[in-house]
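There are two complexes below, and they share subunit A, which is joined by subunit B in the first and by subunit C in the second.
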Partner chain A sequence: MMHQSMKQNRPPLRKRIADASEPYLYSAPALILIVAVMLVPLVVGISYAFRDIQLLNPFSGGFIGLDHFRALSQDDAFFGALRNTLWWTGASVFFQFTFGLILALLLDKPFYGRGLVQALVFLPWAVPSFLAGLNWAWLFNPVIGPLPHWLYALGLLDEPHNILSDPHLAMWGPIVANVWWGIPFFAITLLAALQAIPRDLYEAASIDGAGPVQRFMSITLPFLAPTIAITVLLRTVWISNFADLIVVMTNGGPADRTQIVASYIFTQAFKRLDFGYASAIALVLLVLLLVYSMLIVLLRQTMLNKG
Partner chain B sequence: MASIDIESVRKSYGPFPVLHGVDLTIKDGEFIVLVGPSGCGKSTLLRMIAGLEEVTSGEIRISGNRVNDLAPKDRDIAMVFQSYALYPHMSVADNMSYSLRLRKTAKEKIASAVGAAATKLGLDPLLERRPKALSGGQRQRVAMGRAIVRQPKAFLFDEPLSNLDARLREQMRAEIKKLHADLKATSIYVTHDQIEAMTLADRIVAMHGGIVQQVGSPLELYDTPANLFVAGFIGSPGMNFLEGRYVVSAEGDGKGASEGAGIRLSDGTVVPVARRTDIQPDAAVTLGIRPEHVVISDTGMLEASVDLVEPTGFGIILHLSLHGLPFKIFTLDRDALSAGPKVRVDFPRKYLHVFDEKGDRAD
Partner chain C sequence: MRPGKLLLTGAHRGAILVYVVFALFPLFWLLKVSVTPNDLLYSEGVRMWPSRTTFEHFDFVIAHSAFPTFFKNSLIVSGATAIVVTILASLSGYALSRFSFKAKYWIVALMLITQMFPLVMLVAPIFRMLSPLGLTNSLTGLVIVYSAFNVPFATFLMQSFFDGIPKDLEEAAMIDGATQFVAFRQIILPLTLPGIAATLGFVFTAAWSELLFALMLISGNDAATFPVGLLTFVSKFSVDFGQMMAAGVLALIPACLFFLLIQRYLVQGLTAGAVKG
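Up next, the complex of A and B:
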């Protein structure tokens, strides 16, 4: 049609410009928003990593190249935070996933009142992380919370003290709170994936002679694998960036034993007000998470291709 | 190979009964087809035999052993599902060998069993493929291969051909029949397709509303349907039914009077029938005749108007109305294509079926 009209009578220039720019004009509002909201802060943030930006120092702001990264490579607190991040993320994701999967498998079976139980189970997800952190901090506080006394009664603690102030146990506090808070995410997504598995596959397998464990291994797990890969990836990235609970419950203490990279960034930026150094740490964390994500995406791709 | 006995088996879901006492004895090597409209309980019965549904009351025995409380895997049966239910993450070979691997069969034995089944079903070139890379017919074959590798006591088929197109269905039907002739395994086959039922079955079990209506060979069901349901369900196009009253001393029609029995239709015409011993004179009855048995003749005793002519290629279906009621004729005579607005029809006496007030066959 265009071909025809060009032959017969070329439209005027203004009309042609309007036609050519039409698609760009339509997408402009969204593009401008994305650039302004996402790209600009990202670029500015990255540029901070190479500049000396300290809020309290009016003479700062100059370009300093890789100085921040050199300082970072000597920063023991950073490496400690990196180790803590691994521990925090690994334990949180592992327990959230394990309990989430068990919960999803239980909720997949029909029972009386399932709808109500499902709604209740998903409740923690709706609690603001800040509130969850405060609640758990209180629960671990022996003056007002019952947990230390229960742990003492069970013989797990020598005396009912606050594990959040115990350098060896402090990390378990935020991890427990995080597991409680994050189970619903896994339960919801895995339950959705479970319910998409055709029931007659299980029937065929039970006739073929498969017991519950074999049915789980040869039907449930292969069906869940892509969902597991993507949810574990998402949660890992989120949790390693997720400093709310730690900042609220322990603030990185005692003696930096619960300091993770994300809370270290928070401390550097908003306590020491050294935005430049904080940006440099954030950039390192970003690169690490990107590498990790690429690995998981590759893994998932190969699994999907095989399946 | 085994016999299967079903003894007053009932099933209800909560307060809702779906099977009202089914009795059935299946001989070793027999091919039984459960047929009926959807919701008649045929699939439920099959799934109870498989162990996928609990038996509310009654008893199911395989080779004489009560299996009510046995898990499906301990019943030594194989089942082919309508959806095929192939394991999507396993190759064709793995799908077929899964049951053997679970039973820890020796590797060489598995390989030979899978190989034999694959050759029998023409699956050899597909063994390494995944189910999603197969066509519907191939998947169907794999599902059957999975069933036969184990050499179970009985095969259960749950509408296995419903997801195939008509041509493929015909082909697979023949293959199932050949396979059964080959393996001589006890088979129970559920379908709502009466052609499948007629062609495959040694005996057909016609079910309706959770009750077995008739058990018999395909031709028994066709020639002597036990009741109105079976008469209407078996055969395509379906049997014609006319309401009337059984009369012993026929009036008005010379031919009927000489025999002494007939059925008076609403317009007073008396259709002569052979004497029935188990109905009272003047009882309300239903007269049935199959479309292919109705004869068009100029001297026919009934006149009907032609509503519609349907050529099927093989024959012609005439849709008539007789006393305002729909009535069908199936004929191989091409002249029927040019039938006028009215035709006269005759009902050969030997093809007439009479059903009493309750709908049961009267002889």
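Up next, the complex of A and C:
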């Protein structure tokens, strides 16, 4: 490939082109796949938001402008779902993160059998999400699951009934299942970040007389901050899009109390077969998540600049 | 040991135990339901272990249902997806880790955005695209779709693994006359084997549990994967929970085995990446 006979000191043109195109050659196969199977359908999907697309209705398909969005602005079910999404995502991320961080801190200390324990506590991550949902729905059912009886014994419930059919408590069912399922993700990434912190920092801090709490606040947390920011960002986005558990466990009920935007889209698309309206809702969700992500990225940037 | 330290160690082990029980109890319940005879399913519904156990659900699922086909299809789809994604993500992750080039931030932004939109939005367009190509109702179609969905995250994962390997290694090889691709293949890839194992496992489990597209792109039993197969238990046999849970237990085995093997590489690889980044 190389022209050894070239006289200039500058590398020959062909080599310069080859060098410049090299990173593109490495990333091309992945990019082509993403563009063909995700980006192009996304653009088509976005166009559906402005069209009347109903499966089983051969007369649909026309361009209707912003009609879906006008309908959406008056759709109380949508705004209810938006509130539920905030609640579902906020609570899920908060508990997954808190328990994930505690687990990572516990596993960061060497002890006998750590490898085995690590494998066991990370196992829920490998369980298919809808199977996890089915299984937790069983656990919450007083006829065939023990949880309502335990909650009753602890005085948390007045009687051992199914919280999935209680409008005030139903959301906790999918949230608990989601926390169970998602703790390993945070624990794995945070544990990796913890193990990358140089140990001598802690020793130096102990010699200077810093207590455990002080060491955690001034060494561990600052070191973890970038990882925390990026994992919380990714998880928040994933969880707000994550309808599997809710669809399987409550299907949005009772009385729409567990309907989140993602499950509402699912209902519109596959129960009412109204793909146009579903795409319009999905587009709104996408824009909200983009805005949220940009805020987090900006926040992370300012944090990195300060540090 | 001082009593204070003893107490601390005790609290540490106690907390670990709570986590292990919390992680395993739902899986135990799955197993319990799958070995409970039908007549005891409700009468002994809340007992920790049924007074009689049976393997009839497993028997039925293996010998008299289409489950072995579903299982085989799932293995093919998840295995092929894991291999395709790992190859593509190694290449693109290497590009993001080792080169600085103009489009890099656009590529990262594109991959981040793909993590953001509801995949439900893509069902109808993808169906319309694949249908004329004859890729609906085919395992190949599923592999293509799953590969695209998993490549972005796998790329970030592989990038963090490559970031953990010092650049000097391939620079030395390139001074000796190797091209960068040869250096990548012969020096860097073997060093990233734990990372590759982690990515394989991660993608395998993700593809193994995907339901939405499996449901939408496949009709008929021949090409159905096991999540779709589990749903047929709901409709066909008027929700036979014992059989369904038995199928669930069987379906958990490969995903869990794979995950048990790779989870420590996941932590190791990410640690190596974090050291540098």
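Everything below uses one rule, namely that the second predicted complex is superposed on the first by the 274 of 307 C-alpha atoms of A that agree within 3 Å, B and C clash if a C-alpha of one lies under 4 Å from a C-alpha of the other, contacts with A are read in each partner's own complex, and residues count from 1 in each chain.
FYI, a residue touches a chain if its C-beta (ideal position, glycine included) is under 8 Å from a C-beta of that chain, and two chains touch if they have at least 3 such contacts.
Just so it is clear, the model here is predicted, and its values are computed rather than measured.
Peer 1: Specify the outcome, clash or fit, for subunit B and subunit C once both structures are aligned onto subunit A.
Peer 2: fit
Peer 1: Mind working out whether A:T231 is in touch with subunit B, subunit C, both or neither, as first, second, both or neither?
Peer 2: In the superposition, A:T231 contacts neither subunit B nor subunit C.
Peer 1: Taking the superposition on A as described, I'd like to know which of subunit B and subunit C A:T89 touches: first, second, both or neither.
Peer 2: neither
Peer 1: In the overlay, work out which of subunit B or subunit C sits against more residues of subunit A.
Peer 2: If we count touched residues of subunit A for both partners, the winner is C.
Peer 1: Between subunit B and subunit C, what is the shortest CA distance in the superposition, whole Å?
Peer 2: After superposing on chain A, subunit B and subunit C come no closer than 9 Å at C-alpha.
Peer 1: What residues of subunit B sit close enough to touch subunit A in their complex?
Peer 2: Listed in rising order, the residues are 50-52, 71-73, 77-79, 81, 83, 85-90, 98-99, 102-103, 130, 146, 150.
Peer 1: Can you tell me which positions in subunit C touch subunit A when the two form their complex?
Peer 2: Its residues touching subunit A are 12-13, 15-16, 19-20, 22-24, 26-27, 29-30, 33, 41-42, 45-46, 48, 87-89, 91-92, 94-96, 98-99, 101, 103-104, 107, 110-126, 128-129, 144-145, 147-149, 151-152, 155, 180, 205, 208-209, 211, 227, 230, 241, 244-245, 248, 251-252, 255-256, 258-260, 263-264, 266-271, 273-275.
Peer 1: What part of subunit A is in contact with subunit B in the complex they form?
Peer 2: By the definition above, subunit A touches subunit B via 198, 200-201, 203-211, 214, 218-219, 222-223, 307.
Peer 1: Taking the complex as given, what residues does subunit A use to touch subunit C?
Peer 2: For subunit A paired with subunit C, touching residues are 20, 22-24, 26-27, 29-31, 33-34, 36-42, 44-46, 48, 53, 55, 102-103, 106-107, 109, 111, 115, 117-132, 134-136, 138-139, 142-146, 149, 180, 183, 188-189, 191-193, 195-196, 227, 234, 237-238, 241, 243-244, 262, 265-266, 269, 275, 278-279, 282-283, 285-286, 289-290, 293.
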